[in-house]
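The structure under discussion is supplied below as structure tokens; questions concerning it will follow.
We call the chains A, B, C and D, going by the order they appear; numbering starts again at 1 in every chain.
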Amino acid sequence: MSTRDLVLSALFAAIIVALGILPPITLGFIPVPITAQSLGVMMAGVVLGARRGTIAVLIVLVLVAIGLPVLSGGRGGLAAFAAPTTGFLIGWVLAAFVTGYLSERLVKSEQSALVQTVGFFLAAMIGGIVVLYACGIVYLAFAAQLGLSKAFLGSMAFIPGDVVKAFVAALVGRAVMVGYPLLPVRS
Amino acid sequence: MDIRFEGAGVSYGARVALAPVTLQLTEKRIGIIGLNGSGKTTFARLINGLTKPSVGRVIVNGRDTADAKAVLTDVGFIFQSPQNQIILPVVRDDIAFGLKSRGYKPAEIASKVEAVLQRFSAAHLADRRAHELSGGELQLAALCSVLATGPDILILDEPTNQLDLKNRGLVHGLVDGLPESAIVISHDLELLTGYERVLVFHEGNLVADAQAGEAIRRYREIASR
Amino acid sequence: MDIRFEGAGVSYGARVALAPVTLQLTEKRIGIIGLNGSGKTTFARLINGLTKPSVGRVIVNGRDTADAKAVLTDVGFIFQSPQNQIILPVVRDDIAFGLKSRGYKPAEIASKVEAVLQRFSAAHLADRRAHELSGGELQLAALCSVLATGPDILILDEPTNQLDLKNRGLVHGLVDGLPESAIVISHDLELLTGYERVLVFHEGNLVADAQAGEAIRRYREIASR
Amino acid sequence: MKSLFVEGNSGMHRVSARAKLLVLAALGVMLFLTANLMLLALAVLAAAAVYFSIGLPPRSALARLKPIFLTILIVALFSLAFNPWHVAIVALLRLTALMLFATAVTATTTIAQFIDEITLLARPLERLGLLRADDVGLAVGLVVRFVPEILDRYRAIREAHAARGIKVRPTTVLVPLIILTLRDADNIAAAIDARGVRRHVN
């Protein structure tokens, strides 16, 4: 990995951490916080692409593991990997990868603004919602003995917020692409 | 322009960033100098209400800055790091953006954008990406964005930072030619030659308020201590 | 120090950032001036191999910079934006950082860190966070980090940017006192007074190579066009 | 950014980081192999004993547990509403024991120790050419170094909105924030390369 790619990933990890300053909203009946950090995960994929986006998220997980309070609400430490929400946390890695991979495939610089935005939106929806929720729900069902259907139902409370996040990520991705083209082009 | 400081000062906790100042500013060109951390930016931010006084009041054109919104339309501010000031990636969009939020119609916006680009001979920058601009070009773009909305008073915080001799000359010329009132913070003392009023700050205190020549002499004396 | 440019030039696509240059640099103090975008930074980056020549070669102390690794130990570089130069959170760790990767043992590292802090009277900065430092302090910390590894040649890219008169004086003093060879890029012409050799760049070309007085005269002429 | 490490000299502090991490991993597996309530309750008691022995004042020791324990409890209650009671209790006990021990490991292991272990884990990947093990420490340092810088920039961008009378929206803040941060990355990378730190890489 070039030094530039390493630094890009680390700085995006820093952006994800910074998004954790916004306090999480915890819905009374669901144990997983609504957090702006998952917006950061989507943006990492959209802006940096699959490889660097994935590394950015991995760096965040390393920071969590070594005891830095980088999750929203100042949480962190290995205990974050022993929570019912751990599936979502680990799912961030796959989410960034899939979002990035699809962004690289769907969005081309010669497309119109609308097509690009829609491309990024689809990438963020599939990576940041479909794939992420699959990880989160399976883990929740298993670790908390909740059963798949209940875990699924409970997680639906995040859908409205996460659709909005995917939309914001798409707008940001398109604007950054215009202002600072960076996404790796696939040959 | 009519700016009155009435015993206005700023503290952060126990630290005094600006000791209370009482004065009135009406001159067309006002310079501000002082060492790093002496309180220059703090003083300027009081004028457009970005910082609220911890004691006293600041009155701009008859309005208390405690109600920042009223003052913002009168006062334009060019920040010390202009790259933080450009909000949209493309220069033209950024200029239009401030107008849009003031409720102008699309046709008006387009004509105002053209007018300001014309005024500063900056048409060649209109479609450039802000992040690719050189220091001098960035300063110019920020100036266009801020002046497009027609403020009455302009504050420039170290506008010639990082610029070469030529760009510096360009900015000097631009500032001198502004019909608006301008308050200029600068380490670039040449920029202030001829100013009838220059304020010198030191460790949070206003230590001189004089013509350029006298004020610069005081500043050099402080710097050489 | 012995730096040879042998027809070395840099292009980005069709754009020529630096037209081929042939010269030899052996003087202890070398100044570089020119307008924004004239190719100064590009020229300097060729010396430590951060940028590779598109044509020609650059030889530093007998080694081709095409093999950047060999050259990096000889050449220290202080960048145009010092806030991006301090890489680790705490100054002391940052200074140690460059040493660690050169394979020194922990005890050696500690003593070298102390030595460089001593040399620049910067011990008070050792445990400060990079993020909290003022512009002048950042420059000082960057100098410590780079010189700790003992390069033979130091390149400073606009070291007095954004500094007030006092800090500027401080940096002038530091640079003048360096026993290392130094190549100084600057818009701050005072910094270069007395330099026996100053290069002037314009639009990617080396347009003058002379004593400070003569070079600065040429530069002013270019800037006033 | 302050780490969750707690200064001290308890038994847990003296055990090597590697041993603690191995035990934690083993615990993670073993707890899920049994559904025996007695055994699980015992595990919780043991983990609690370890956790409360590390020398943290009881009040802050409890405060640290709160956020994650709360989620575990809520999930258990949610589970209780739909599942047989012992299923819910099993999940509650498993996660509580694991969380207690994990919190104890975090509180007694320094960042430097963690980074050493992660670097070691990364060595095999390095041999595959996937990454450089030493980059782990560098990346962590970079994030800690630049988070405050990013927050400052966020503040500056918000102020620019205020000064120009523009309403703050997520996109108009995030776009300049990301562009400016990415642009810094180029300069920072050059600074790292110039210091010859990652020398065997292009």
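By our rule, a residue touches a chain if its C-beta (ideal position, glycine included) is under 8 Å from a C-beta of that chain, and two chains touch if they have at least 3 such contacts.
What you see is a predicted model; the values in this text were computed from it and never measured.
Comparing chain pairs B-D and A-B by the number of C-beta pairs in contact, the larger count belongs to B-D.
Once the centre of each chain is set as its mean CA position, chain C and chain D turn out to be 39 Å apart. Chain geometry summary: the mean Cα position of chain B and that of chain D are 43 Å apart. Within chain C, contacts with two or more other chains are made by no residue at all.
Chain contacts: chain A has residues 175-176, 179-180 touching two or more partner chains.
Along chain D, residues 138, 142, 144, 175, 179, 183-184, 188, 192-193, 198 each make contact with two or more other chains. Applying the touch criterion to all chain pairs gives A-B, A-D, B-C, B-D, C-D.
Here chain B touches chain C in the complex through residues 34-37, 134-136, 158, 161-167, 169, 187, 219-220, 223-224, going by the rule given at the top. Listed in rising order, the residues of chain A touching chain D in the complex are 1-4, 6-15, 17-18, 21, 29-32, 43, 47, 59, 62-63, 65-70, 73, 75-85, 140, 143-147, 150, 154, 168, 171-172, 175-176, 179-180, 182. Contact residues on chain B toward chain D in their complex (touch as defined above): 48, 50, 68-69, 72-73, 76-77, 79, 81, 83-89, 97-98, 101-102, 130-131, 145-146, 149. Across the complex, chain B is touched by residues 175-176, 178-180 of chain A.
Looking at the complex, you find that chain D touches chain A at residues 1-5, 24, 28, 67-68, 70-72, 74-76, 78-79, 82-83, 87-88, 90-91, 94-95, 98-99, 102-103, 105-107, 109, 111, 114-115, 118, 131-132, 135-136, 138-140, 142-144, 146-147, 150-151, 154, 170-171, 174-175, 177-179, 181-186, 188-189, 192-193, 198, 201-202.
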